[in-house]
Structure formats: C-alpha cells, structure tokens
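Per-chain numbering from 1; labels A, B, C and D assigned in written order.
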Amino acid sequence: MKPDTHNLIRCATQTLIDHVDELTALDQAIGDGDHGLNMRRGALAIQGKQGELAGQSLNEALRTMGMTCMSTIGGSSGPVFGTLLVTLGKHLPDPPNAAGLAQALDAAIQALTRLGKAQVGQKTLLDVLDPVQKLLAKGGEELVKRVRTCAFDAAEATAALDAARGRASFLGDRALGHVDPGSRSTALIIGAICESLDAPATAQPSSLSA
Amino acid sequence: MKPDTHNLIRCATQTLIDHVDELTALDQAIGDGDHGLNMRRGALAIQGKQGELAGQSLNEALRTMGMTCMSTIGGSSGPVFGTLLVTLGKHLPDPPNAAGLAQALDAAIQALTRLGKAQVGQKTLLDVLDPVQKLLAKGGEELVKRVRTCAFDAAEATAALDAARGRASFLGDRALGHVDPGSRSTALIIGAICESLDAPATAQPSSLSA
Amino acid sequence: MKKLINDVETMLSESLDGFAAAHADIVALGEAGQFVRRRTPKPGKVALISGGGSGHEPLHTGFVGHGMLDAACPGQIFTSPTPDQMLAAAQSVETGAGVLFIVKNYSGDMMNFQMAAEMVDCDNETVVVNDDVAVENSTYTTGRRGVAGTLIVEKILGAAAERGDPLRKLKQLGDAVNKATASMGVALTSCTVPAAGKPTFQIGGDEMEMGVGIHGEPGRRRIKLAGADDIAHELTGAILKDLSLKAGQQVLLLVNGFGGTPMLELYLMVNAVHKVLAGHQVKVARHLTGSYVTSLEMAGCSVTVSALDDAQLALWDAPVHTAALRWGM
Amino acid sequence: MKKLINDVETMLSESLDGFAAAHADIVALGEAGQFVRRRTPKPGKVALISGGGSGHEPLHTGFVGHGMLDAACPGQIFTSPTPDQMLAAAQSVETGAGVLFIVKNYSGDMMNFQMAAEMVDCDNETVVVNDDVAVENSTYTTGRRGVAGTLIVEKILGAAAERGDPLRKLKQLGDAVNKATASMGVALTSCTVPAAGKPTFQIGGDEMEMGVGIHGEPGRRRIKLAGADDIAHELTGAILKDLSLKAGQQVLLLVNGFGGTPMLELYLMVNAVHKVLAGHQVKVARHLTGSYVTSLEMAGCSVTVSALDDAQLALWDAPVHTAALRWGM
C-alpha cells in the first residue's frame, strides 16, 4: 500500500472520530443515538490495524478494513460499511481510476441493496453513494472537487427525505430537517478522501503516517 | 358533646388539612415526606365521624378520635396522635379545666414516652407537649393566649434541636433550621383549639358545623 | 448523566462479568464477552441463539438457561452484535441438531444475523420477532420493530426445544407465536446512552411518547401526559385491533417496565389493562409483570398480549431456569 | 411528577388490585386491601406477617407465598400500616401455631406493630430488622434502620416456618440472621411521593447521597458523584467493618436496586463489590441481584452482605414461590 493511501485511511477514519458528537446527535434525533460511537469504534479498529494494512495491496486493504468493520462495529453500520468496503475491494482496479471506481461503487450499491433491502430515496447512505457513483461514471473536469461537494450536498438532502415516503416516513413532520446519520458519515469519509487526494503530493510521507 | 366542642374539632382538623403542603415540605426536609398526608388522612377521617362524635361525651369523643387516628393514619403519627387523644380521653375531667388538662397531658406524655421511647429534647412533638403541659400546670392570667404562643414557639424551637444530641443528631448541620413536622402539627392543633376557645361564644351553632 | 459506572468504555464488560459471577450456576461467559451461554449444553437439542444491543437487560442474557436460550450475544449499548459473536456462540453451543436464531426486527440485527446465518456451517433457521404495533416502519426497521414479545417467543421456543422439537418445527412455532403476539409502549422519560452522555430525546415534564421504541426511538406521537387508564386504553386498543381477537380468547398479558418504572406503577397498569381486556371479553390466562425488556433507565412501560393456544400455554408453563425467569425448578 | 397513575388517592388500591390479579394463583387480597395473604394457609405452621409503607415493592407483598410470608400489610406510600391491618391479617392466616411479626426498625412501624402485638389474642413474637449500617440513628428510627436485609430475614424465616419450626425458634433464628446481615445504600436521584407531587430531596446533577434510607431520608453525607468502584468500596467497607468477618467467611450478597436503576448497572455493581470482597478474602456463596427493596423510582442501589452458616444457606436455598422470589418449585 502506498504512503498516500495510508494517509488517506488515516484522514478518513480520523474525521469520523472527530465528528463523533455530531453523528451521535444526528442519530439521537431520529434513531437510537449510537451511530457516532459505532463509527468511532470501527475507525479506531482500522487505525489499530495500520501496521497490517501497510503490507497489503489496495484491494486487500479494503477487504481487511471491511472485515474489521463487520467484526467490530455491529449495528447497521457494521454490515453496511463492511459490505461497502469488501465489495469495493473486490471490484476496484489497482491502480484505481474514476471509471473503475464508478463500476466498483455500482457493485457495492447492489450488494447493499441486497443486504439491507433499502432503496435509494429511503434516507440511508445509499442516497449519498448513488449520486456520487453517477458523477464518477460521467467523469469530467475537477472530478475530485465535484464528488466532494456532491457527497456533502447529498447527505444534507437526506433531511428532506423524511416527509416523503421511505423507511422513516412514519415520523412525518417530526423528522423533517434531520440528516440521516449514515449519510453524513459517508459524506465525511468521501470528503476526507477527496481532500487528501487534492492535497499537494509533495508532502513528506513521514508526516502522513502520524 | 357541646356545639362549641364540635366547632373546636372542626377547626383543629381543618387547619391540618389546610397546612398539608407545609407539613409535607417539613417532612421532606428531614424525613420521608408523608407527614402532611398522614395528618390530612386522619383529619378527614375524624371529620367523617362528626355525626357519631356529636352524640358522645367529651371523653368518649377523644377516645373515638384517638382510635380513628390509630386505624387510619399509620406511620408514626397514627400511634402517637392516637395515644395522645385516647390518653387525654381517659384522664380529662368533664367539664375540663386547666389543671385537669395539665394532669391529663402529663399522663399522655408518659404514655407517649413508653410507646415511642423518645425523650423530650429529641425533636418530636414531645417538645411541644412538654412546655405546654408545664404552662397549664402553672396556670395564671390569659392562659389560652399564652398556651397558643408557647406551642408555636416550641415547635419553631425544634429547628435548633438538630445540632444538639437526639434522634436526628446524625444529620448535624444539614438538618439545622428544620422544624420537626409532628411538632408543627401539634402546634397547629393547639393553636386552632386556643383560637376557637378565645372566639366569641355567640356564633351560631349552624355556622360552626359546615 | 448519573449512572453507577466506572468508565463508559468498560461498562459493558464489567456488567457482563458481574452477571456471570452472579449466575455462575447457570451460565458461562464466552471468550472476550462475545456471548453468554448455558453452563451445560444439552446434547441433541436445537441450539437457540439470540442477541441484540445491550441496554435491554435482562433481555437477552437473562434468558439463557434451561428451558430458554442456549446463548445470547450482547452487542454494544443499543447496537446489534457482530456476526463473529453469533458464530462463536453457535460453535460453542451447537450439538448437532442445528441452530435457531431469534432476531428482533431491526435493520442492524437483521443484517448481522443474516451474515452469521450465511457463514455458520450447520443447519440453521431464523425467527424474526416484530411484535410492535406502534409503527409500521421505523427509522431503523423495515416493517415492525421487535420488542417485549421477544421474551414470549424465546420462552415458548425454549420449552419446545428442551423437549426435543426439531429445527423446522421450532421455526414454525416461533413464527406462529410471533404472529399471535402484539405490543405497544409509552415513555415518560428518555434514556441516556452512556457513551453519548446525554438523553436520547428531549421530552417536556407534561409529555409522553406514545408508541416509543425500546431504544428511545420516536413512536406514534408526542402527546400530553395522560392517566393510566387512558394510556392502557390506547396501548391495548392498538394491540387488540392488530390481533383482532375473538370474544372469549385466552391470552398471556405481559406488562413490561422500561427500566425506570417501579412495580407499584406496573401493577397499576396491569389493573388498567385488565379493565380494557375485560371490556372486550378477552380472558387473561397468564400474567407476567416486571422490567424484562428495558431501555436503560427509561421510565414507561409496554403492554404485550399474546393469543396462545393450549399447547403454547403449556410450553409457557414448562419449567425454566434462567437469571431473570424461573419457575417449575 | 411523571407516573403511570390515574389518581394519587386510588393509586395504592389500583396497584394492589393489579397485583392480586397478576398473582391470583398464589395470593389473595384481604378486605379493603388491608393485607395480602397466601392463597392457602398451611395449618399448624407459624404465620409470618410483615408489612410496612408502600413504595418499596416488591417488598413486602411480593414475598407472600409458599416458603416466605403468610401475609403482608401494605401501608400508604412510605407510611407504616395500622394495627387494624395487622390484626385482620393475623386473624386471616393464623392457624394455631402463633404469629411472628417481621418489622423494619422505623418508629412508625415499631409503634404500629407493637400495638398490634399487644392486641392480637394469639401467641406472637416480633423480629426487628435493623441492617442499615449507614447511620446509627436516623430521623425516624431509634437505632439503625431496616432496609434490604429484610428480604433475607423473611426468606430464611419463611423456609424455617415452612418446615415446621416453632415460634420461639423462629424468633431466635430471625434475630440471628438480622445480626449477621448488614446493608448500605447510595442514591443518585430522589424519589417523588405521589401525593406530595415533588421530589423528596433536591440533589445536584453531580452529587449522590451516600448512606441514603429507603424513603429517601438523608444518609451519611452528600458527596460528589463517584465511580462504581469507589462507591462499592465505601458501601462494602462500612458493611465489612460492621460485620467484622473473618477471612474465608462465606456470605450471601444482595445488590439491590432502588427502582430507577437498570440491571446493567446493578450487575456492574456486583462486579465492583466482588472485587472488594475478594480483597478481604470473603467468599460469595450466594447471589441475589435486582430491585427488591425499592424507593419508588429512586436511582441508586444498596449492598447487603449476610454472613450465613450452612444451615441458614440451606434455608435460603429452600423452595420459595412468591410473586418476586421463586425457585425450587
């Protein structure tokens, strides 16, 4: 695994740890309040495996991280983020590119739909993964920047999904305005990845593996 | 039973009912918070027996009221006020006078000491009954007025007993300043009796039995 | 947050250690606290394995023992356990007759147990409990939630497994009992997830959450605090509507506390529910009253009605010896 | 005040009705709810009668049945029952072998039971329970208070009465068990007496009441909220000091919730107390964990240690069938 991938993992996990209170609050609003802690537990478990990950290929590393999520997180997030990572690990070309990522994400979305029986539009992280996948499939200029914006916007947009139909529809007005916690986590991860991809590649590897 | 005795009972019970919140608060401060409700329950039970009481002599009526306290109040107040009334009923001359009341109260204090094993100075209603008994034994001018004042003052003075030795000594500073609930009840009863004894005897019986 | 704890990170394992110590005669703790299992498995019997997020004690660990569960997997507070835990539990208690998983219908539990079921290398079935009639879909389920009725499903399946019923028969029985069971709850106060440190929801001093979930998830609606009779009316009414019982039907009534409600109030609710049931000519053949399926220290209760036939009632009555339910032995 | 009630005036009788309905197989309610009695008295057996203020459920009504109490007299919330109630109960369950009254050491209970004892016209004795080591004298006792240890005295006496022990022998046994039993509790929140409508005491979000009584009466001191280990240390330390146990002594450990504390925390306390006891080479031979002697919905717990000999342990283990304690049958 390359040092910049190493850094990318550190950034993506660290952002979840840093946002634990926000994610908790989101899940308290419409759920059971454990999402922040779940994501932090998974993130810490992955960070604890950085030694092992360093010796693996990108695909192997994704699989390891997915299995780590499944065996340490529990809840919905464990199987969901676990399946996401494992499926990406299976389908991503190495080295990765936008088209390959789009294809792998498409496979992951299908795996998640089979696993959790949720559809796009039902206020889950699928509502972030789906538009991001479509954007990647189209490709174009400044893709990293646009993916980042798309992810955050899509997460925000889940707030409006309550009032419509879907798994949270019974909440009606009461859930209106509340962002789906898993969507927010997904946006944070994607955002962190995009930022570290956009960062000047000149940074010293030693400073990336803190 | 004479109509003015009837009125006296009504006033003494009503004042307890009217002070239920204050008595509750006193018992919450250093006890278990039920004293107000206990006294109200007993007072209501006695008021419910006014028909029966009307046909009884003063001594019989005191006994009836005492038995009513014992069988309806429970807690410490039930046996304590029950024994007080029953003993007074046994010893009071009919018609009553100050010296006779002093003797009867002395008997009651002794009965209470046997029953509850508390001594004067240990922050119970004995700390009101004792000075009142002594005042009555001495007799003199304006006795009713002085008894009333004595009862209220003695109840207030139980607040200071905490810091000294006695059954509540373990509370130390924390109970300092808190009046003993049973002492306050006793003062309220004595006060109501004194006031109705001092009231013009011209009031219509019909207006007394509301 | 006021709790009897040392550290939110270790609270679950400390509590499991205390549980295992207190009930060492009936249970043993799996490695790293992954599961609680029956001290001595019964060879040739279908292994019943349940589990779910912690914070609902005594569910499920308190129901491990003779005549009920063979193992229970405790997740983090309000978080489904992981497939690893279920696999380790199955390995520990399966004796050749297969495994029956009993799962409450939450997305997290469903997905984790589903993964375990795919990975486990012995014959297995899954009974899904979804007895909560409060809401058709909730934030974290597809379809109805599984709540206090889980206890009834676990007890009856436990008795049937104990007498030797085979896997498919147990699966059928579990589905039937689940179908005959309906629940609904009300919360007066919120619970506080220890690691979150503050209440899961805000609720006014004169409000209650009607139809609340056992994680403090929202229910049907937030309304003004009502009297026990009115509450019993709404809860029982919704249940009866769902079960559409015939007059004369015999039922098991479970009045369940959420953790912060004293027995005095639970028995008062029993009385209130009785009046409603009597009005519908429903006969309460069996009672269970207590805090069995809880939401940490939440105040409130749920009512569960289970329309059992005579054979199922006999299984309910069969001896059971667990930390939280014990009779006949 | 948030409670599942209709009306503070009727709450007690409604709750008793629910209790009697839920446990109709083992208990019957005396006229006007004056007492709860064992459904079928056992002729020739000493009748055990206890009672006290309500609000501590399942104490005492939950302990009526085979192998424990013959009758329990529920007073108003936190208020001793009246002598009338005890007399009516004695009349109902006494079968010729006399009556043993089991009384918690509070002035009110002592006086009311004393009056009943003087008025009852059969042979009788009284065992006074005063296991609370928190304070030597409290506002409403002379000497130590009777708290959760009452359960242990009632259970062991119940078993001895069931096998036919005569009155004086039971009196001796009761006094011995009481002497061997010590308790202390801590409150994190206050309870609210329904008719009073507001909390009995005010307590800061970061405070606890160390040595609290089971009516929310003040204890040793108000201190900063501490961790479970520190709490266990203080509670168990005071108990061990009082009992002055020898190394190797076997004990029964009761970790008792006050009504608003979930099992998760109680088992965590079991674990914490275990560590302290192990440090003193005290061996926990039996466990009981749960909310058995409560203070309405107060959060907190008490620890009780009872240094029982083998014969007393055998009586603890003897079959019991009551609403709240059941084993061996």
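Convention: contacts are C-beta pairs under 8 Å (C-beta built on N, C-alpha and C of every residue); 3 or more make two chains touch, one makes a residue touch a chain.
No experiment lies behind these values; they were computed from the predicted model shown.
Colleague: Rounded to the nearest whole Å, what is the centre-to-centre distance of chain C and chain D, using the mean of the C-alpha atoms as each centre?
Modeller: 28
Colleague: Find the geometric centre of each of chain A and chain D from their Cα atoms only, then give the gap between the two centres in Å, rounded to an integer.
Modeller: 54
Colleague: Could you grab the centroid distance between chain A and chain C? Build each centroid from C-alpha atoms only and quote it in angstrom.
Modeller: Distance between chain centres: 32 Å.
Colleague: Scan chain D for residues touching two or more other chains and write them down.
Modeller: In chain D, no residue touches at least two other chains, as defined above.
Colleague: What pattern do the touching chains form: line, ring, star, complete or other?
Modeller: line
Colleague: Touching pairs of chains, which are they?
Modeller: A-C, B-D, C-D
Colleague: Once bound in the complex, which stretches of chain A touch chain C?
Modeller: Checking each residue of chain A against chain C gives 24, 28, 30-34, 36-38, 41, 70-80, 115-118, 167-171, 174-175.
Colleague: In the complex formed with chain A, which residues of chain C make contact?
Modeller: 53, 75-84, 106-108, 111-112, 114-115, 135-142, 193, 195-196, 198, 200-201, 213, 215-218, 220, 222
Colleague: Show which residues of chain D lie in contact with chain C when the two form their complex.
Modeller: 2-7, 11-12, 14-19, 21-23, 54-55, 57-58, 62, 188-189, 205, 208, 225, 227-229, 231, 255, 259-272, 274, 284, 287, 289, 291, 294, 296-297, 299-301, 326-329
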